[in-house]
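In the two complexes that follow, subunit A is the common piece, with subunit B as its partner first and subunit C second.
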Partner chain A sequence: MMGLNLLADLTLRGRICLLIFLAILISLPFWSSSYIISVTTITLYLAILGQSWNLMLGFAGLLSLGHALFVGVSAYMAAYLFSVLGLPPVIGIFPAVALAVLIGMLIGYLGFRFSIGGVYFALLTIAFAELVRIMVDHMGLIGGTEGLFLQVTEADRQGFDLINLRGHPWMFYYLAMLLAFLTLAGCRTLLKSKLGYYWQAIRDDQDAAQALGINVFRYKMYAVMYSSGIAGVAGVFYAFYQNSLFPESVFGIERSIEISLGPIVGGVGSLFGPVLGAFILTPLGEGLTEFTDYLQSSGLIDPKLKLNGLKLLIWGLVVALIVLFKPAGIWPWLNEKLGFSRKEGE
Partner chain B sequence: MDFWTLANALATGLLTGLVYGLSALGLSVIFGVIRIVNFAHGEIMVMGMFFALIMFRWLGLDPLLSIPLAAAILFVFGYFLQSTVISRVAHLPDHMQFLLLAALAVMIVNACLLIFGPDPQAINISYSFDSFDIGENLIIDKSRAYAAIAAVAISGLLLGFFKYSRTGKAIRACADNYLGAQVVGLKVSHLYALTFGIGAAVLGAAGCVLLLLIEVHPYLAPGYTLLAFVIVIIGGLGSMTGALVGGILIGMSEALAAIIFQPSMKSAFSFGLLILVLLLRPQGLMGKSVK
Partner chain C sequence: MAALLEIENVSKSFRGLRAVSNVSLSVEEGGMVALIGPNGAGKTTLFNLIAGVFPADEGRIILGGKDILGLRPDQICDAGIGRTFQLVKPFPDMTVLENVTVGALHGTHDIDEAKESARKNIELLDMADKIHLPAHSLTLPDRKRLEVARALATRPKLLLLDEVMAGLRPTETDEMVAVFKSLNQETGITILLIEHVMRAVMSLSHHVTVLHHGEKISEGTPEHISQDPAVLDCYLGEEEDV
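And then the complex of A and B:
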């Protein structure tokens, strides 16, 4: 039913494009390579996280630059429960997400009680993420810098065990798609609920919202809780998809920036922006890798030259150009040109 | 742990902290005037370090002697960066400015990676392994002492510039009252570009100084960006003396954390301190409360 609401936002042209897009996604494993499937799985995973991040900034005006923290604590929790106590992720997801939400509440409580706003709040989220990263570095119980690994056998990779999240790449692909769709529909429902309107009022003018009798503290807390909860679910997925967790690659500031990039590029505050952003940036990064490989293998560039940085150099340039020339994001611009949706966010 | 271990650690922390303070000054100046949080802070400083490295490799120049040229080059870089790129996002919300500077940071790191490769590179100067022995037990590395002296001298020069020179006063006027500065006929866009240039020049100088203390590699940059954030928030964003005080505090707390716990725990200490300051005194130790 939530899905039907989503369709109601779209014009006929938008619905047709969405259906074509869905048809491509669903049929993808049947006609593409395992490489494309893995790239698309990561893209969908980042679309979920983009949605979670967008919920805080785009809906409620709270800039988080430490979002990897919520993903990471949940991933570590679920992986630890599974690998040490043998608790399947279907159950483990509850304590894992609860931990992410609790940490979100702690940061929110401290930030909002002491009225730390804007840039300072963003820096508070970075500080917590870095603090936890260094703590996990030193926690031998969950692997420390050596990392935490999940056992996976060749038989597992062929299976379809949703309870233990052990299975074929196709299983993870469709699971990521389902989660991305549920997140999108859930965020749409939230945005159009009373809660969503409170958030937007707080985002646009906190003092005015307070003057109208909105309990600003409480609703900002709700925003952080929903957002960290979604990030926590994504974290469980990540742990069982990757089967290995390292503090640096899970909690690092690069991860938090990566999470925020999709929605910013796609369009902050819109529902389809984070999805579009993920589908632009991840394939762009992968495409650039292929491109630099091609340049070297075809002999256009001396293969002995090390091109480690070239991909990210171009990638940074593209992001900078988007900020400079499409500061509202790609989705609002595309939408205006092609008329996909009825006026969104109104 | 005896008294002299502690004293040596604190002395080392103090000297390193002065260099941190100089670097953080670059961030503080830019935020204090233009209200932009420079997410490419560490990256610009690493550019300065690589410049000093090249000068050392080619001409055998002591990094301290590379300071004027490094500062001049990065000043020009900063000036044009502000006047052509960053000024265009001044009206955008915080997160867009952050993204632009983060993208710039990614570009700088990877350009350095392409040119210099990922391996740490150090310089070896005549006094690298010398030390001043004060009394019997207090030992201070010569290079660290010189680095600290240079940092104090440059910081002093900068504070003097902002306090006494006409241009410095004009820049402070822009920071205090943007509209007022325009009304009295100051060319704000030029002064902003000048400020970013000065901030970048300070980073160039700080990079040269830092090369005396540590090896340089491209991935050094993000860590120093975070470190500078911690320092200026503890000291007070936008307060120049605050940046210096914050630098010394963090330098000493790192040194203490390294001997009491483990060296790898030192930044956890700094981030803990940051969270405390944000909660108890969000404007920082020396910052003015802005409401």
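And then the complex of A and C:
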């Protein structure tokens, strides 16, 4: 039903484009390479996280720059429960997401109770992400800097075990697609509900929102809880897709920034912006890596040259261009030009 | 008639500056009371005290027999007071309908019901043709109307209006006055307004309170106020014998 509501927002052209897009996504494994499947899986995963991040900033005006924290604690929790206690992720997801939400609530409580607003709230989120990263570095129980690994056998890779999240890359691909779709439809439902209206009111003017009877503290807390919950679900997916977790690569600030780039490029506050952003940035970054690898292996560039920072450089350039020319993001502009979504009252 | 709002000896200082000093004021249920005075007289501060933006240093504020001093602004709204802001605060990225719907969601979870009641308030303020425009594209008078529609949508018993007629043309002022008069008659809503536009004050209010330097210097019917030498002094300076 949620999916049908999504269609109701779109014009005929928008619906046709969405269906073509879905058809390409669904059929993709049948006609593309395993490399394309893995890039698209990560793209969908980042689309989910972009949606989660956008819920806080785009809907409620809360800037999080430590979003990897919610992903990471949930990933570690689910992975630990599975590898040590043998608890399948289908059950482990509940304590894992609960932990992410709980940490979200702690940060929210500190931030909103003591009226830490704007950029200072963002600093608080970074501080917590760094704090947990350093803590995990020193927790031998979950591998510390050595990392936490999930066992995966060759038989696992051919299976389709959704209970234990062990299976073929196609399983992860379709699971990521399902989650991305559910997140999109769920965020749409939230945005059109009382919560969504109240969040946008708080985002636009907190004093006016309060004068209209909105308990600002409570509704900001709801925003952080939903956002960290979605990030937690994505975290469980990440743990079982990657099978290896390292504090630096899970909680590092690069991860948090990576999460925020998609929605910024696609369009903060819109529903399709985070999806579009993920589908622009992730293939761009991967394509660039492929391209430089090719140039180096064919000897056109000195193979000894280290180019792993190039991706970040290009991303920085893209963000700078977006901020300069399309500060609202690409989706609102594209939508204006091509008329995908219906305006109310038409 | 019983008093809906009772303000007793309220004072508020900011770093030693006494913005509101020992002010008492009573607004009867169904009444329309104007609060006037020169710039800096403490009118908006008094409004903010009632609306819970900051607490009073001394005194009591009673709404319908209940002490509301120290409540948060959202709790004041729950208690039945709707307000507008002198420096308007629309939700700029939301449409007129969405702005007013936020107000109408006070007390309901049903979006369609809230939208329906928002539409009625928008029509009442004569903004039906702008219903889907984003608030940031409105002119100042329209933003003032939006403030009123949004506050009304929360279904308050008492409406605090902070200079909503400022910047309106005389005909528009008359229209707005007519809206408040009919609202007052039909729904019995109580109105306390800060206003500089005397045309509105005279035709709308049953009772006028005059503040000057944070103190109440006069009150009474509009006719009485307009004759009171103390009031004329504070607006025009003291009369001197030549």
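In the analysis below, the second predicted complex is superposed on the first by the 323 of 346 C-alpha atoms of A that agree within 3 Å, B and C clash if a C-alpha of one lies under 4 Å from a C-alpha of the other, contacts with A are read in each partner's own complex, and residues count from 1 in each chain.
FYI, contacts are C-beta pairs under 8 Å (C-beta built on N, C-alpha and C of every residue); 3 or more make two chains touch, one makes a residue touch a chain.
Since we're looking at a predicted model, the values are computed, not measured.
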item: Partner touching more residues of subunit A, whether subunit B or subunit C; value: B
item: Partner chain(s) touched by A:Met135 [first = subunit B, second = subunit C, both, neither]; value: first
item: Partner chain(s) touched by A:Lys337 [first = subunit B, second = subunit C, both, neither]; value: neither
item: First, second, both or neither for A:Ala209, with subunit B first and subunit C second; value: second
item: Touched partner set for A:Pro327, first subunit B, second subunit C, both or neither; value: first
item: Subunit A residues touching subunit C - in the complex, by the definition given at the top; value: 192-194, 197-198, 200-201, 203-205, 207-216, 269, 343-345
item: Partner subunit A, residues of subunit C touching it in the complex; value: 51, 53, 72-74, 77-78, 82-83, 85, 89-95, 97-98, 101-103, 105-107, 109, 111, 114, 131-132, 150-151, 154
item: Subunit B residues within the subunit A interface of the complex; value: 37, 85, 88-89, 92, 94-96, 98-100, 102-107, 109-114, 117-118, 218, 222, 226, 229-230, 233, 237, 262, 264-265, 267-268, 271-272, 274-275, 278-279, 282
item: In the complex, subunit A residues that touch subunit B; value: 57, 63, 65, 110, 114, 116, 118-120, 122-124, 126-128, 130-131, 134-135, 137-138, 253-254, 257, 260-261, 264, 268, 306-313, 315-317, 319-320, 323-324, 327
